[in-house]
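Structures follow.
Each of the next two complexes has subunit A plus one other chain: subunit B in the first, subunit C in the second.
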Partner chain A sequence: MQPEPARGRPGHNISMWGAPGSGKTTLLAALFIALARRNDDWKIIGSDPASSDYLIEKTNALSRGKVFPEASMTLERYHWTLIGPAPRRSGFWGRKAKPGPPTRIGISMIDAPGGLFGTGRRPAGAPSGVAAAADGAGDPRRQELLDNLEQSRGIVFLFDPIREFTLGDAFDHMHAPLTRLAERMLAAGEFLDGKLPHHIAVCVTKFDDPRVLETAEKRRLLTTDIDDPHGVPRVTSEDAKELFRELCQVSASGNADMVLNALDQFFHADRIRFFATSSIGFYIDRRTKMFDWDDFQNMLPGEADEDSRIRGQLHPINVVEPMLWLGQRLAAIRPATEVS
Partner chain B sequence: MTIGEIGFEWALEGKRPGGHDDYELLSWSDARLGPEVFEEIRSRYATGISADLPQVTIAVAATRENERVTRHVVLAIQEWSGHRDATNRKIAYTRWFYVPYDELAAHRVSYEALYHALAGLPATPSPPLAVRVPGFDPAAVVPGPDALSAAALLLTGRPVCVVGADAAPMIERLRFLDTVAALLPYGMRSRLTAATWTSSTARHKIRLSFARHAPEDAHEVRWGYGAEITRRDSPAHVCLDLLTRSEVRLADMLRGLAGQTEPLSFGPADRPVAVRLLEHSGYPELLSGSGNEAEPEREPVPLGPEEPSDSGEPGPATERGAVAPASGAPARPAHEPGPERTGGVLGPAGTPPPARNARRLTLPVRSVLNRLGRGHGREPAPGATTGGTAAPTTPYRRAADEGPSAVPLSMRAALGGLEQADHGKRARSGRGPHAKVMLTVAFATAGITLICIGVLVLVRSPGGDPPTGPDVAGAEPGTVVIQAPKRPEDAFATNVVAEVVRRAGHRDDIRRSDTPAVGAPAEKPAVILAEGPDSALAGAPTAAPGFVQVGSIPVPNPDVLVYDIGLITPEKLRAAFQGQDKEVRVSLPDTAPRELAETLKRRYPSLRLEPAPGQDPLRALRDKTVQAAVVPRSAAGDDGYARLDGPDGLPSRTLFVFCNVAALDVLHDDLGRVAASVDPGVLASADFDSPKEAAARVVGAVLPPSRPPAVSKAGEQESDQGRGSFWQALALIAGGAVFGFLALLVAIWVPSRFEPRT
Partner chain C sequence: MPEPDGDLNRKAVAQALASLGDTGHLSLVEVAADGVTAFRIHRDANGCPRGRSWSATWTDLAGERGWDADPDGIREAVLRAARVSPPTAEVILAAASPGGPRAEQALDWLRAAHPGAQVLRAGAPIAALVREVMVDDPLTRSYELVVMLADPGTDRLRLTSRRLFPIGARPGARTRVAVRCEPGGAYGTAFAVVTWQGPEPRLLSVQSAPIPPGRYEVTAELVRPGRVRFTGLPELSPDPRDWDRLVAALPDRLPGGTGPAHLVCAVEVCGTDDLVAERLSRARQVINRSAGELGGPLRVSLVAYAAHSYDGSAREFPVRAMTWQADAGEALDALGELEEQGAIARGYPYHPHAAQLEDMLALVVRRLDWDDPTPVVLLTVGGRSPHPPRTDLSGVLPCPHRHDWRRPLAALEQRPGTVLGAICDQAGDRAHPAWHRLGAAALAHLEAVDVHGLAADLGLVAPSPGHLPFPLLDETE
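After this line comes the complex of A and B, so read on.
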């Protein structure tokens, strides 16, 4: 009668962290397509029916409906398993090795509305003292979000350079939860070496936006994967930090550099990795099947009362890589990926 | 039915048009309740956002002001605002309405009536903040097995989630919530949280919810079917029994329950009280005979915040919204007699009853409801009140004070078991001195009977007499013949029928021909799929004598309409098909049937059709000489072009479904329900490229998983039967031995446990 979702549930909690509209939900929605575009054997499978539904529906909406997902209004949880190729084993005395079991990494993703990471400002027109705490800590959803951050050991932090250029509030959406998280970890005795135990994948989103791409080009950070048949420009993880720093220079508030400093202060250097990410990728012409510097925008902004749409096929960039990196690092620390 | 004026306070949650911020409170009635109360309720009862708005959430809250506690029922309506945010995403508005429970209880207002009264208000209502709402008519409630199961399971204290209602409109779900609430004392509405939609991937604190998948900690109730309630769910089992007793008139019971307006929680202290109120509402003569002087024998209802797992509805604890100890429970209004039950549904007068109430029950529920005369209404029990006499609203008196003959012994025993389960203590038995002898004789008799039956089965098993019990579907087990057209695109409809047949526990025998109506067997279960009269490409329907139409299934078109989203939006393409845009060009393969081209020209004369080579039907679209192309379904996915869903595209066909009487006996109305659930607007999508999978998905959304086939192959049947009989016999003999042993134990050891009646 009741399903058995607990069986085979993944053990690694990963939280999405980012301001409203930074692309958290879209990045998750593009995961299946991102894996399907790769030439390796990695795949993603839902660990319960609701999580599978999400993969199917969002993949359909992006690939066929060409529309972006709606904004989240509450904490959503997805339980997935990343299944990859079997690790290679060398045979004894040159004999042919037996294939091992495929790599399985269980992940539990938490996608929260971006506003929960904010400073919890009072409702417009409300008298002073309405928000009990400066960061809205009395909100049960924020408490749940912090509970999840405390339990997780992996964070996907989304930095939206367009929003930073327009509003400059990335730091506002980082410091309050970070401070609360550090407080909890300190109380739990997991802040002993002065750093959080989490791994954090910092994703510079909307890499397909011309302003971001041009910034990367001007800094000569672009490369092309020789195995990529479309010749799509990319920024390597090593250079993504430089792109992040460069984009911080144009922050509307001038506070973006504090994000970088906070990352260095609160996380181990070897547990931070930067990615230049685009959930929809660049437009690839169907005839030439090559990236075209004169025609690469894949998002069609909607007019008056129309949804923004995706123009062509999706070619996600660095969408699955942060998940795989986190999953592999967490699995290496705690190999038991399944709980029964 | 009375019409009452209900006061309310409101808040509006959303985003500012073009804004970058997340959802927040935008505006609120600056009256008694402050924004902090609304802030708390909106964060506590967030359910996610559905693509299908509007949706309704029912929350509860208690506020304290100057030591006066006020309970509220909070109705939240989530709907699209028509605005967009800075990233061009649609903005949803959630309108929160705080309604004092006292005022609701005074008129016994239903959720649906309240929704209709509040939904029509502007986004920011102006004073006077009051709406006129018709009172609740309990006589109009006709609960199906799902509502009965949900109400019973709510009294276990765990949340209940209804699944399988994806296709049901919001208002029907809201009506369901009302029906479930009507099966409980009205006072439980002061603590009942409910929602017509919740995200399956979000945790929430809603006690009665709809979702695609039930949360782990919730009871799952299947829409239209109910749930299997076992004796392990003892409170639910008892309550279902109470709700479905044949000697109780449902209208009387609901009238009595509607009169019980004293607030009750779903906590362990109040659940037994609720069960007793159910019992008393079913036997109003108990109350009339016992006077109305006593107060409920129960612990005080705590008004303070309670954990969701317990009672689930904490009140906002704020300056003005702090919860308070119980002291200000509203006085119960005098009960007003309602009209007789007329077979309508809960809702506005004149609303036709929903078809889902006639749905087939799951076996456990059906077995209970069979006592109601196979769902054809309840027969009043001998001595039960008849006519429109209203149940009195006298509060509950403890059972010990009542006449011993008032409540049947079986129910008394069941309720006793419930109390023991709830209080975790074993009550002393009042059995008499003959209990030991009676028990020993009963066990011994049961043991001997089981052993005799077992031996009989063992002796008879080698012969392998065929099973004589009726089939689960109530018909001769066997094969259902499906006569279907030969055209490849009709495979979807054929597979839908075949899947329904399989899920009914039967085998399908698909016979395809150009004239499916010819040669259909009349005596065996048979289904015919025939062309509909509305089809543009086919003639009038034909069906063999003795067949009746049970529904129609739209046929996924073999061709689909794809378009380049960089050249045209779906809205503009639809407008072109409606003749509003004459510049849109659509290519058509030169190999397409001539009828298709002619039909397109006839229906859409302003459409500019361009030929395209049949070998490469997408060429014109790739060359950007057309904005859209009609292509075979097999070629539609090649280049990732978007497809146009919806009924505005290509001409469509429909197959009519005809059944003979024998088929109706085994399939009931399953085919009609499944056929009605097929949305023609999505048939163009890739989900329907594989007819078999698409059919399984469509049927699976409506019907529960398949039962094992009613008939196995002949050889398997014999061998399985032989083996089955042997093990059955063995089990019976073993059971008999156990009973015999128990009889021995009772005779030797147990006497000391029984005490003589004092």
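After this line comes the complex of A and C, so read on.
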């Protein structure tokens, strides 16, 4: 269930969804840093003490300790509120406009240990006596995940192309919950036009990896924002779908193209948007402060018993944008409410 | 019909022999007053003419029944005695004078059977003429002496051949060749003559003798096709070894210490303490062994390299020449300092999978004296891969100095007198390709190093056994 914050309840809820290890935790931690680097009034705040602690801990780990947040070993539920600047209401007869209530977008992440979203294998951490159904439908934790998806109208779906290249399990982790979600929405009468009512931001992660960047470059999908002082290459949302399709070609299982088909089958075309994202961004030399094609890797592999580390400053790419896009689209459907 | 002139007959037989190819035969049938003599000549694998002859008297051919009893049978016997086969063979018929009616009859039968045959009139038995023509046959392939050449920088040996007689050379031709002989083992030094037909040499003759080491002016004389006599040496004897046995005795390089050398020992000093200690220990063993056995003075340079730091606030351990062209004792002292220091962990977070291999190579190339002809041995002891000059798909971060390991390595590979050896702690199939090039002359695994063998492969100590089966070509003239 979406908790209610102490003084305000978000009108829109976004769920984070993706295969284990696809970078959900890192993305959340990077979101805080990315917002801090923006010159607007957007901020992310925990909706309960546990979620605040989690956000502080993971953000500190990412920015100071320079280690990637540890993958979830147990089921964890977190809720935050993304609070943006208040939309201005027009004044009557030239009177000074009054500020409206701040925009609030609820973000829920149910950080699941590996396998919880997968196929019928017993989830990691589950009691050995618990037999999972073919798609885990009987598992109460899956029920909770589905509750969360059902109650939100915005989904951030993370697609890790490197994981897909080595494991190729993105479709496995998408198909079962998507089918169950459709089943619920149909029963609730919200599948009337044959599509889910959700908006979905598909984030192609690890854009900073040389293999992903090279793919984008070969397809001539790269562009540079003229306002970007670092000259970092990006892929626009319009071209991100082609990058996604191109990366599907090298899926280890060959099933990645079915992810694209499933998105088209279950979501309205105008409610899907693709983003080429990187939670850590490219390495930017402190002296030149410019992106360098000869030296842009920001991830330093760890020793055998250590996790990878982040080499330089974090410069998240397209981490805020999916949230704001979802927030804006959801706000257009149902305005945010304010609890005074 | 030619005149019965000896010179004309010699010329005719010589021309027929000269036009004899590698696979054909020349049949020469002499019909005389007492019977038939057949000569069949071919060329062997070295192009030398080889011949056989068969003789039969008229009595042998006619048998007890007499010449007139069975003319057809005698005719068949005469044709068989001519031994003309295969049918494509060139045929020369020689009628000795005086002949007689039986000889004339036999000649008619042979002419009818071989209408394309030349017919010569001979005043004397033709066997001597055939032998003379075969001995005087000009060479159809060049004859070459098998020699060894030593690379002036590394003393690495390679097998080659020096031409003694060109195609067309005749008996009596002489050639001088300057060689150097080293101890040659049980058979002594082999003077092997080969011909070439395609890429493989064909052994023509091998003569050998124990020859005192030294320089020799040898004169080779072509006695006849297939026979070369060497003078200016102790007397040579036929050597029973075939080509494979001769080549199997070849060493990689000149035996014995061959003079001064400059050993550059580059050691990777990052990783676990045990691994670094093992690498330093191996370097010490090679320096000790080389200093003890090298014939000439050994100069040693000791270079230490570690991992790059990718944290601007943590200075890395830079590639360092601990000694440069020092004597072995000084290098061993510097090695002791590294052993006391242990593994370098400074510059955290350093890269865990790569090291400053490219920086080390750049330093070595920069510090070497490129005009100094002293042989250089670069021995690299480590295991990590080099950093690429720019971001690539390997996942290894680029060298902060943008050094490209391929450039200095290629320069070292092309530098005359430079030998590359490596002791790598990665298995061959897991080691970065750079290590295979760094260990081009000798690549050993850290856990199993035959120190003497490695040093021998690098030319730092004498290989064993120290024998040279062939003479060395002396190019000092």
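Points worth noting:
Basically, the second predicted complex is superposed on the first by the 277 of 340 C-alpha atoms of A that agree within 3 Å, B and C clash if a C-alpha of one lies under 4 Å from a C-alpha of the other, contacts with A are read in each partner's own complex, and residues count from 1 in each chain.
By definition in this document, a contact is a pair of C-beta atoms (placed from the backbone, for glycine too) under 8 Å apart; a residue touches a chain by one contact, two chains touch by 3 or more.
Source: prediction; values computed, not measured.
Applying the stated contact rule after C-alpha superposition, one finds that A:R311 touches each of subunit B and subunit C.
Once the two complexes are laid over each other on the shared chain, residue contacts for A:S108 go to neither subunit B nor subunit C. Applying the stated contact rule after C-alpha superposition, one finds that A:R286 touches each of subunit B and subunit C.
When both complexes are overlaid on chain A, the residue A:G302 reaches subunit B and subunit C alike.
When the shared chain is aligned, subunit C comes close enough to touch A:P210, but subunit B does not.
Set side by side, subunit B and subunit C differ in how many residues of subunit A they touch, and the one touching more is B.
In the superposition on chain A, contact is made by A:R77 with subunit B only, not with subunit C. Subunit A residues 66, 286, 300-302, 306, 309, 311 lie at the interface with subunit B in one structure and with subunit C in the other.
For subunit A in complex with subunit C, the touching residues are 66, 210-211, 214, 286, 293-297, 300-304, 306, 309, 311.
Considering their complex, residues 1-3, 5-6, 20-21, 48-51, 53-54, 60, 63-66, 68, 70-78, 113-116, 118, 122-127, 130-132, 138-141, 144, 163, 166-167, 286-287, 300-302, 305-313 of subunit A touch subunit B. Residues 310-312, 349, 351-353, 389-393, 395, 397-398, 402 of subunit C are the ones that touch subunit A when the two sit in their complex. Against subunit A, in their complex, subunit B makes its touches with residues 20-28, 34-36, 39-40, 43-44, 46-49, 51, 82, 84-90, 92, 199-204, 212-214, 216, 220, 227-228, 565-566, 569, 571, 622, 639-640, 642-643, 685-687.
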